[in-house]
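Each of the two complexes below includes chain A, the first together with chain B, the second together with chain C.
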Partner chain A sequence: MKPRVAIFDMTSCDGCQTTILNLEEYLVDIANAVDIVNFRLGTEKVSPGPYDISIVEGSISRQEEVKKIKWIRENSKTVIALGACATHGGPQALSNRLNKKDIHKEIYGNIVPKLNSLDAKGIDQYIKVDHYIRGCPIDKFDFLNILKQFLIGKIPKENTNPVCVECRFNENVCQFMELGACLGPFTYGGCGAICPTNNLPCDGCRGALDDLNLEAGIRIMKKKNIGDDKIKALFRKYVPSDKRYEKFEEMLKNVNNKT
Partner chain B sequence: MSIIKLDHITKIEGHANLYVKIQNDKVKELRLEAVEGARYFEGFLKGRKYDEVHHIASRICGVCSQSHLLCALKAIENALGVKVSEQTTRLRKLILMGSILQSHLLHLYFLALPDYFGFESALAMTKSHKDTVLRGLKLKKLANDICTIIGGRDVHCITPIIGGFSKLPTQKALNKLLERLKESRQDVIKTAKLFISFKNPSFARKKDLVSLKSDKEYALWEGHIASIDGISVPFSEYHKHLQEQSVKYSSAKFVTLNNNSFMVGAVARISNNKDKLTKSARNIIQKNKLTFPCDSPFMNNVAQAIELMHLTDTCIALLEDLKLVTEDPVKYNVKAGTGIAALEVPRGTVYHEYELNGVGEVVRANIISPTTQNLLSIEEDVKQFLPTILKKHKQRIILDLEKLIRAYDPCISCSAHFLEVELDYV
Partner chain C sequence: MSGYILKKEDFGKFIESLKEEYEIFAPVKKKTYFVFGKVDSAEEIAFEFINTEYSPTNLFFPKKEVLFDYNNTKINNKKEDITRVIFGIRPCDVHALIIMDTLFLEANFEDTYYRKKRENTLLISLKCNSAGENCFCESMGTDKLERGYDLMFCEQGGSYVVDIGSQRGQKLINELFKSTDEECIKELHCNKKLDMQKVNQLEQFAEHEGWKKESEACLSCAACTITCPTCGCFDVVDVPNLNMAAGKRLRVNTSCQLKNFSEVAGGHVFRETRDKRFKHRIYHKLVYFKKQFDTFMCVGCGRCITNCPAGIDMVSIINSLK
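Right, the complex of A and B next:
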């Protein structure tokens, strides 16, 4: 029997699901290899679990989503987090620092709908996640590669190289050495260094590497005359809630004290 | 009391529910509820710098990401007084049109087509309707490639930056694109024929149809706000005419135009601008004796298919005499100011407005996406359409309602700030 694959979405822009649908030349093959039993953007079919693989896009931002993600975990052999919202809470986690009452009043005026909203968080804050497909948005070939590995029974190994590795392969000028304002050295690779290859600095959408020397990185940035505000803004864009950036303010203070 | 509930209307972008209460064959209560988590873009864009706004704004919606990216970019450039080159405008227009092609093709082939053929998804049709599905996939890949070649990626483009592009495409890649666009014309014609051939419910409801309009061209990139009922105002005065209203049951706000419901999108655009369509697109309208302006929401699919023709031929024209020159983004100074921009994007008109302070930080952001403008019209259409189908079987009613809602091609992720259908028989 073909493996049953379900695609779920929580709070997101649907861009990562759209990226999957943008795999035009492989879609028919994918549909032949797996039984897609739940994909709201692509099909009406909603099948009950259990599922072999559940792919979840979006952040947990509502009470209802907490219940749903736990149900998904209970009914799935493998759970994959798809994209920056599912891995880290995504750009909407930028609103976690804001006063929700003020924002509600500003956006909705006097009639505030019942939102049941929570701080936006990655799904691994609520359940165990078996694999992460990173990025804002994901890289479609990264997705294809990981899916293939699961299908032949391999547990995919996370690419733990920084973005810099692929950036070098592409023979780009190093934006970190030139400008300092590039998150390539801090960030999980696998995207083909797509932003630096298009002459823009990496903005860290795939999340911070485990073995990161963040303080050293901040020090170099400061040496390149990048202001505190700019450094903060860089680290707080698409994955502002990354745990490894929690002590960020403290480190910035440390660096400032030492210099 | 019996309840019909359409929880999680599928094959639309984002989450929504429709709740309907029926008593003695009459609709007593009806609510279109957006149920997607609120993301507060207008809130957290405050304090961000001028040069990062458009890339963040792009994340409002991944289905029409280029729309928000380009509109935000244009608004910021207006705030800073940046005038871009003719080549930059042309390349950005190509991204915008590529993006509308992407979204229309996704909607027509993936979301609407299975409804007409009675399948759950396009992929389930690969055995019985192989040629049609493969045609849709091929056209969509071409649309993606327009965005990838010029914008660096098919979802959330990278290269457009203030004043121009961070990286230009190669002439060779553009030439290849031109060739493929020319080859795709026959497939586009077949697509239009297919969608015109489908029988739709005869339902229509009179409403105002609103879009941008321009003397120069079929208004997508620029124009003033116009409607078939005679509204004609500069886009910069949008806030005087469009009212955003919050409702208790929806995280998406409802927008009215001078206090009335109205429709935006492909039907509205063609209704207002049909004389500016390419000859090929006008031919489709004439040959099939289609009438615009048109009050049937179901015609939105046909209108999108006509636009495919217009967009394909316009992209061909834009590429045909484009001799790429190497140029850097134009220089500019950061200063305080307010910038407004309006674009026609897949589902209608989008407005972005930003106020910047002296160091280029956003102090106020206002974004009105197309779906929020259509929500009230969808609600009123359902109110009028439902009584005409109430005698049908419950499952059939739900299917028809879903079809109606999907015809609007609603995108709830962009309107969310939250769709399921619930029929409640009292």
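Right, the complex of A and C next:
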């Protein structure tokens, strides 16, 4: 029997799910290999659990989603976090540092619907996650590769290299050395260094590496005359819900005190 | 040995004559960097380089390489049959290939993928006119080249003095070249000097506190090893097709600077801390490899210094060990 695969979404832009649909030439092969039983963007069919593999896009940002994600976990053998929102909060987690009442008023005016909103967090803040497919959006071949590994019964090995590895494979000019404002050395690789290869500095969308040397990095950025606000903005964009962000502010202060 | 002389005005014609039989790779400009790229004419070649940011070893040992593909029980490992000429490879980088030969051709196991590319490629080396700020080939003894090249070009005024290094090289000589007794000697002087006495004492400094201190600046981005012309560590990765019956096996370059490099089954990491990884690269280059093969695994090209975003300089670190 083919594995039952369900794709769910929480708070997100649907971009990662769309990226799955962009795997056009492989869609028939995917449909032959697995049974897609739940995929809002791809099929009207909705099947109840249990599922072999659940792929979840989006951050947990509302009370209802906490219940939903726990239900998904209980009904799935394997749970995969799909994209930056699900892996570590995504851009919407920027609002975690602001007053929710003020934001709601700004957006909805005086009649604010009942939102039950929470700080936007990655799904692993609530449940155990078996694998992470990173990026904003994800890389479609990264997705395909990880799916195949699950299909042959392998637990995929997470790519824990910094973006720099593939960037150097592509013989690129180092944007971090040129500009300083590139997050390649601090960010999970696996994207093929698509941004620096196309002359854009790394935005850090795949999230902050486990093995990162933030303090040394901040020191280099400051040497390149990048101001504190810019450094904060760079790191905030995709790592706001990362616990290490608190430490990051401390580090920035430390580097400032030392220099 | 009498050599040949090629007028610069005939260089374009020489490249044209090579094109009939070979693909030509030479230094080309990529924004602010120099890299080796495929060229179709002499005009595309960048001559103003001291050395390229990325090493020509990549042409023999690609960062990602398909070892074979398979379909059910059929395995296809047909290797590419393209004959190539690399023009403009610096003497230090030829030395790097000689070191890679030690590892991949002469040691216990022969790497047939590497051998095929070595056999299919002719090297036209180009002597350096001057040393770059991070070059320390003089200390490593790799500024001079006695073997390993097919032709050696040396710029002298409006001509190149050409030395023949092999029979294959001799065959490239055509009517554009004239015999000469002239010699072209370039005395290179590197400002950067590695204290070889310190290098020979490195083992005594294995527990030195300096490694920890210096590694605090390291981002573990792996630029040093990826751009190193003698780093050949790789991982093997299988990429099956969705039908599971076919797929391919790749080898992908990896780096001792990464934490996952020394991870074994069960999740134990042998070199977990940054200072251990930091020290390992330097010790492998200058101590362990020397013990095993009686040659250093470093040619003093300085790429690990040039390409380090943190400005880490192996030479000054070793020189200042006390």
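Here, the second predicted complex is superposed on the first by the 258 of 259 C-alpha atoms of A that agree within 3 Å, B and C clash if a C-alpha of one lies under 4 Å from a C-alpha of the other, contacts with A are read in each partner's own complex, and residues count from 1 in each chain.
Following the convention adopted for this analysis, a contact is a pair of C-beta atoms (placed from the backbone, for glycine too) under 8 Å apart; a residue touches a chain by one contact, two chains touch by 3 or more.
This one's a predicted model, so the numbers in the text were calculated from it and none came from an experiment.
When both complexes are superposed on chain A, chain B and chain C fit side by side without a clash.
Once the two complexes are overlaid on the shared chain, A:Phe235 sits clear of chain B and of chain C alike. When the shared chain is aligned, chain B comes close enough to touch A:Thr18, but chain C does not. Look at A:Asn145: by the touch rule set out above, it reaches chain C but stays clear of chain B. Comparing chain B with chain C, the partner in contact with more residues of chain A is B. Contact with chain B, but none with chain C, is seen for A:Ile111 once the two complexes are overlaid on the shared chain. With both structures placed on the common chain, the touch criterion links A:Arg62 to chain B but leaves chain C unconnected.
In the superposed pair of complexes, A:Tyr188 makes contact with neither chain B nor chain C.
Superposing both complexes on chain A places the Cα centres of chain B and chain C at an angle of 110° as seen from the Cα centre of chain A, in steps of 10.
The superposed arrangement places chain B and chain C with a least CA-CA distance of 12 Å. In the superposition on chain A, no residue of chain A contacts both chain B and chain C.
For chain C in complex with chain A, the residues that touch the partner chain are 30-33, 35, 53-54, 58, 63-64, 216-223, 226-227, 239-244, 253, 255, 258-260, 274, 307, 309-310.
Remark: chain A residues 9-19, 21-22, 24-25, 27-28, 31, 36, 39-46, 58-59, 61-62, 65, 90-92, 94-95, 98, 103, 106-115, 117, 120, 136-137, 194-195, 198-200, 203, 230, 233, 237-238 touch chain B in the complex. If you check the complex, the residues on chain A that touch chain C are 26, 29-30, 32-33, 144-145, 148, 151-152, 160-162, 164-165, 168-169, 171, 173-174, 176-178, 184-186, 210-213, 215-217, 219-220. Those residues of chain B that touch chain A in the complex are listed here as 8, 10-11, 13-15, 36-44, 48-49, 52, 55-56, 59-63, 65, 106, 110-111, 114, 120-124, 126, 133-134, 137-138, 140-141, 144, 152-156, 158-159, 161, 166-167, 245-251, 253, 413-414, 417-418.
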